[in-house]
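Each in structure tokens, the structures are laid out below.
Shared between the two complexes below is chain A, which pairs with chain B and chain C, respectively.
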Partner chain A sequence: MIDLLQTLGSGVLVGLVYALLGLCIVIIFKSSETFNFAIGEFLIIGSFLFYTLFFNETIPWYKALQLGAVIFLFFSFILFYDKNLRLRIALPLGMVTGFLIFCVFFFGLKLSSLITSSFLRFAIAFPLGLLAAGLFGAMVERVTIKPLLGRSPIAMTIVTLGLGFFLRACVQLIWGSHAYPFFLDLPDITVEVGDLLFLSDPIWAGIISLIIFGLVIAFLFRTRWGLAIRATSEDQAKAMAFGINARFILLLVWGISALCIAVAGIMISNFGALQVSMGFVGLRAIPVVLIGGMDSIGGAMAGGILVGICEALAGAYVEPLGLVGFKAVAPYLLLLIVLFIRPYGLFGTVRIERV
Partner chain B sequence: MKKRTFFVVAFILALVFLSYGAVCAKEIKVLAQFPMSGPVGSLPEFGWGFIDGMNWVNGEGRGVNGKKITWYLEDFRYDPTVEVANFNKYTAEHSRDELLIATGYITGGLKPLIEKVNVEEKIPWIEGSYSTEIWGEKGGPSKYPYYYSLGGTYGNQIKLLMKWIKDNHKAKGKPRVGFVYSPTAWGRDGTPEGIAYAKKLGFKVVAEIEYPYSATAATNECMQLRKAKAQYVVYHGYSGATAHTAIFFKTAKKILKDVQLMGTHYTTLRFTILTGQEAFDGYVGVSTRPIMDAVPRIRTPMDNPMVKLAHNFAKKYRPEEYEKGLKAGGIKEMFLYTEGLMYAFLIQNALTDADNKYELNREGIKMALDNMVWDFNGMFGGKSFSWKSHTIPMLRLYRARVEMVKMGDKMVPTGGVVPISNWINTDEIKW
Partner chain C sequence: MRSLSEIYNDYFSSTAVFSYREDERIFRTRCMRAWFAIFLILVAIIFLGSTVGIGANEYHYFITNLILINLISAIGLQILIGFTGLLSLGHAAFMGVGAYTSALLVTKWGCPFLLSILAAGLVAALLGIIVGIPSLRIKGFYLMVATIAFQFVIDYVIIHWEGVTRGIRGIELPTPYVLGISLEKNRAYFLLLFLLTAFLMWGAKNIVRSKIGRAFIAVRDNDVSAEIIGIPIFPYKLLSFSISAFYAGIAGALFAGLLRTAIPEDYTFLHSIIFLAMVLVGGLGRLVGTVFGVIFITLVPVLLDLIVSYIANVYDPNFTILLGPLKELVFGGLIILFIILEPEGLVGLWIRIRDYFKIWPLPYVSG
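Take a look at the complex of A and B:
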């Protein structure tokens, strides 16, 4: 019984992180019917942005300069198409932001020399890192997704596939491919009762993922912006007719999604180390959303926990029987069973299409 | 008529002369393949070492009795299919008289190439894998005559760890050993031999766990080991440069507090100190090479001539990368650089021996390798030995010593893997 509780508990904690990944896929799918295959790369970049701020990791001047220049170009030529605005707002804004980016990447944020408490440092670097990740997601949407608005969602989905390869190469060029040590040193909240043991890092991961999940839901269901997002998800044309800026909504959704992916990336990196190859973790979101339902936020939570538990149970009870490696296959087997019974996932909307 | 005949004869003679010249001017070609990227991390150091080594060989080293070596370097991204495809491509594109020697680096690439290398091509193949299946009791030179390994087999590495347990086990009862290995040809190689030997010594093998590269957590694996009351855990088939190794060590340190963590060659490296930090402290591992790198690098003992030579090479030919160290684009781990360098020196030695004593062709090189007696630039405490078993049978045990110190505004790990045994020739051990 204790073993079962231990296994279920561990599965739920990891499952909460998976749920957050699932949520990122769901909100993008709901708003644009696009599946973001670059989720793994978003995860790595979000984690690296946080890493830069928290661990004061710097990069050589020529790389920092390139990043600064990219930001400047983005603000100057992509964000604003109006020539007057470009000169008055976009150019100065681009220069300031580009310079800031250069400074942060080249000199570092120096948080560790200013604040000795690692928890306080985390409390400052975490929102900053997430904000950076969110802005990065918005930038990516503006450059790659916005030009495709009005085209088939398949086109956007395929773009995310190519985007994944491109971003991965960028990460390797900037940070290299080796593993970076990742120790958040959050307060130890390990739970040990008799034979039951839940380590501090997975508990923190579960708690933070749950909080972020809750905040996103609160944002979607308790704010005007959230209402606008939901309206756009229901029917983009109608929402636009009611005066909702659907293009901005899409930008917002990609930003929120990138932010949530970064949280999952940071939590998973804290279990071990940060490395570009960790991007494959993002693909865990596939069984999560297909089991839960591609367009169901609650389904993402259920799917995440189910996948986490399924992996844990397979690892604890099936693998020792001799079926080594079954843990990696188990979520997909579960997915197959779910799809046989409910093709749109457990909580997905059943769509009746005329053929 | 006479004039025409004269021109025809002259033309034919010119053709014969030219073709003879072309035959005489055949090149000496070498194919080297290393896993410089892929799931084992980014390891360009292999290539840098090899490039610097081959450039030195062709320059100051005077090539093969003055003849230059044409070398090809490929990154097979830790993918056996790429390694095999590269080899097939090069053997198809280059003649047998020219492509004289090839190298590889992973167990997964060896098996599909058995026929091609040993029967069809009959080309000497120098390998970084320590496969037990190929060089162990059931393999060896009689079965795979063209395969040569640069280190003791994984089976022998794990057996040596078992011997260490036998000599150092102080708790009551028989030692309880758990095995954690990767679900790859690498991870599965040597583990059965290690388990059989543990049982032969009377140990209790309490767990066998496959821990995948795609792991996001190791809690279940560690809880399984805790439940099984393992006292020793052998972690095999993983590079220390990866996130999954960091996950395992960080989790194991918390869940398996009194358990002795152990491992084979590629975990007993500097990388694990950096990614696992304090969690790696106390680890006991076996390695086929001397210490290449401490943290910080300046603390690396330079009493080993090959280690010293490699560091001097890196300082001379890659000063920027050497200086950068752990930063992107730096030489993160000197073992990898040294390995590339060692391949270059070994290839030059084998080719020169073949040219001097036998013939400069594949068979001649094989004979040169079979009869080579070399101290590998003093790498193994100055011991020279022959390569008759087609492996370098030298192994050494190390213990990781890691200490966190404040450097500037950061806490950083310092330390290294410290030898706890002399060099052990596994050919001389009766298991």
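Take a look at the complex of A and C:
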């Protein structure tokens, strides 16, 4: 009994992180009918951005210079199509941002020498890293998704597959493919009740994921911008007719999605180490969203927790029977069962087709 | 008095048809037939040249064999995606099933190589029917993701069913023999592959231009209206899945025969994405497009290999460690660029070039 409770508890804690991953997929799917297969790569890049800020990791000048140049080019040529705006706003903006990015990557933020308290350091670096990840997501949307507006959603999905390869290669070229030690050193909140023991790291992961999940939901359902996002998800053409800038909404959604993925990435890295091959964790979002339903935010939460529990149970009770590594496929088996019973997920909208 | 252009056009390049029979021809103009004959003659000349030691060497044949095997597999995916409109990201799993079936038959029961290829195709087709069952109720992304689930499950079975598949160590195959001829050399293997590919391509073309293919296309364009006009969509979707898996299984068996080993790393999710990319870069709904897509995607890493090894030789030996990331970078970049810039795929480019040279260098006539 204690065993079962222990397993269920750790399953739920990991499941909360998965729920966050599912949320990122769901909001993108709702607003643009696209499945983001590059989620694993967003996860690694978000974690690496945070890593750079938190651990004072620097990279050689020739790599930092390239990153700065890419940012400069992006801000000065891609962000603005208007020629006047380009010269007056975009060029200086691009120069400043590019230079800042170069400085941060080359010199590091030196947070560790300035602030000794690791929790305070985390409190400063975490929002900064998330902001960087969100901006990165917005950048990617501008370059790859925006040119495809009006084309079939399948095309966008395939682009995200290509994007996955591309970004993974970029990470390998910039940071290499070895493992980086990752230790957040958050305050110890290990829970020990009787025979039950929950470690500090998974609890922090669950709590922070839950907070971010709540913040995103509050943003979506309690603010004007959230209303605009929901309207655009409902019907893009109608939303545009009501004066909502649907293109900007898409940018915003990708930014938020990249930000949430970064949170999940940081929390998952905190369990072990950070390396490129960790991107495969991102694929765990697939069973999460399909079990919950692709267009249901509550479904993402339910799916995440179900997948977390399923994984934990498989790890604790099936693997000892001699099925090594069964933990990794158990969510997919669950997914197949759910798909046979309820094709559009547990909470997804059933589609009615008209000819 | 008819002009030279008109006479040439009527005889060689006119696509005007006067009966359904003419419309269903594989090569619709004499020009195409002539080019096909020239292509066959060229292949024969190159093959004969290499038997006496001129021209292509074993490495070239190895690359060509890779292209042909990928082509067989990609044709299957093209039938599924391009003609039936069912997205699948589990194609490499079918190849893996084919490869392991063939490898087990050859090593455990001493089955002849050709027979094992056929068996591999059939086993994969059977599995394809099972994988296709969800397509009754779901489609689009949902189906795509369900096939990913099958991909991971099959991956898991291949890696962890140690008793049969020997896990990640893989199965080693003996040198394949066909009708008493050793296929040890890549050149001999090429001959078998070329004949098989031509046969399978012909088969795919026949499927596509017959009743079955027209039903597939109706399902692709709108499956609800296809059902209304009397096409039983579920059997046709299953048929499409099984044909696609049959091609993949055969390709897998041939791949295992080419490398003389069947290992799980060759049939992962990433390979499924690569096959999808081949079909998409080539162009959906055209079998010719697949040929271009396969050649393109297979040759890009080979060319990168050449460039990187050249740079490593001349400038800096450390450059070779960048090879892996560079391949992925170029591959991903190509997918993104192709989807954004050339929605039709390479076949769109090819049709433009072909139409330009239709009666070149004579002046254009209409009709």
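Note that the second predicted complex is superposed on the first by the 353 of 355 C-alpha atoms of A that agree within 3 Å, B and C clash if a C-alpha of one lies under 4 Å from a C-alpha of the other, contacts with A are read in each partner's own complex, and residues count from 1 in each chain.
FYI, contacts are C-beta pairs under 8 Å (C-beta built on N, C-alpha and C of every residue); 3 or more make two chains touch, one makes a residue touch a chain.
Note that the coordinates shown come from a computational prediction; the quantities given were computed from them, not determined experimentally.
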For this session: Please work out whether A:14 is in contact with chain B alone, chain C alone, both, or neither, and reply first, second, both or neither.
Result: first
Exercise. What is the contact status of A:272 with respect to chain B (first) and chain C (second): first, second, both, or neither?
Worked result: first
Problem set entry | Contacts of A:245 with chain B and chain C, given as first, second, both or neither | neither
Exercise. Given the touch rule stated above, what does A:162 touch, chain B (first), chain C (second), both, or neither?
Worked result: second
For this session: Scan A:328 for contacts with chain B and chain C and give back first, second, both or neither.
Result: both
Problem set entry | First, second, both or neither for A:290, with chain B first and chain C second | second
Problem set entry | Contacts of A:172 with chain B and chain C, given as first, second, both or neither | both
For this session: Tell me which partner A:336 touches in the superposition: chain B (first), chain C (second), both or neither.
Result: second
Exercise. Which chain A residues contact chain B in one complex and chain C in the other?
Worked result: 172, 324-325, 328
Seminar exercise, completed: Touching chain B in the complex, chain A uses residues 3, 6-7, 10, 14, 17, 55-56, 59-60, 110, 112-113, 172, 174-183, 190, 197, 199, 201-202, 268-269, 271-278, 280-281, 284, 312, 315-316, 319-320, 324-325, 327-328
Exercise. In the complex formed with chain A, which residues of chain B make contact?
Worked result: 37, 39, 41-42, 183, 207-210, 212, 214, 216-221, 223-224, 226-227, 241-248, 250-251, 254-255, 271, 274-275, 277, 326-329, 332, 408-410, 413
Seminar exercise, completed: Counting only contacts in the complex, chain A reaches chain C at residues 29, 35, 144, 147-148, 151, 153-155, 157-159, 161-170, 172-173, 283, 286-287, 290, 294, 323-326, 328-329, 332-333, 335-336, 339-340, 343-344, 353-355
For this session: Quick one: which bits of chain C touch chain A in the complex? Just the residue numbers, please.
Result: 87, 133-134, 137-138, 140-142, 144-146, 148-150, 152-153, 156, 159-160, 222, 224-225, 228, 269, 273, 276-277, 280, 322, 324-329, 331-336, 339-340, 343
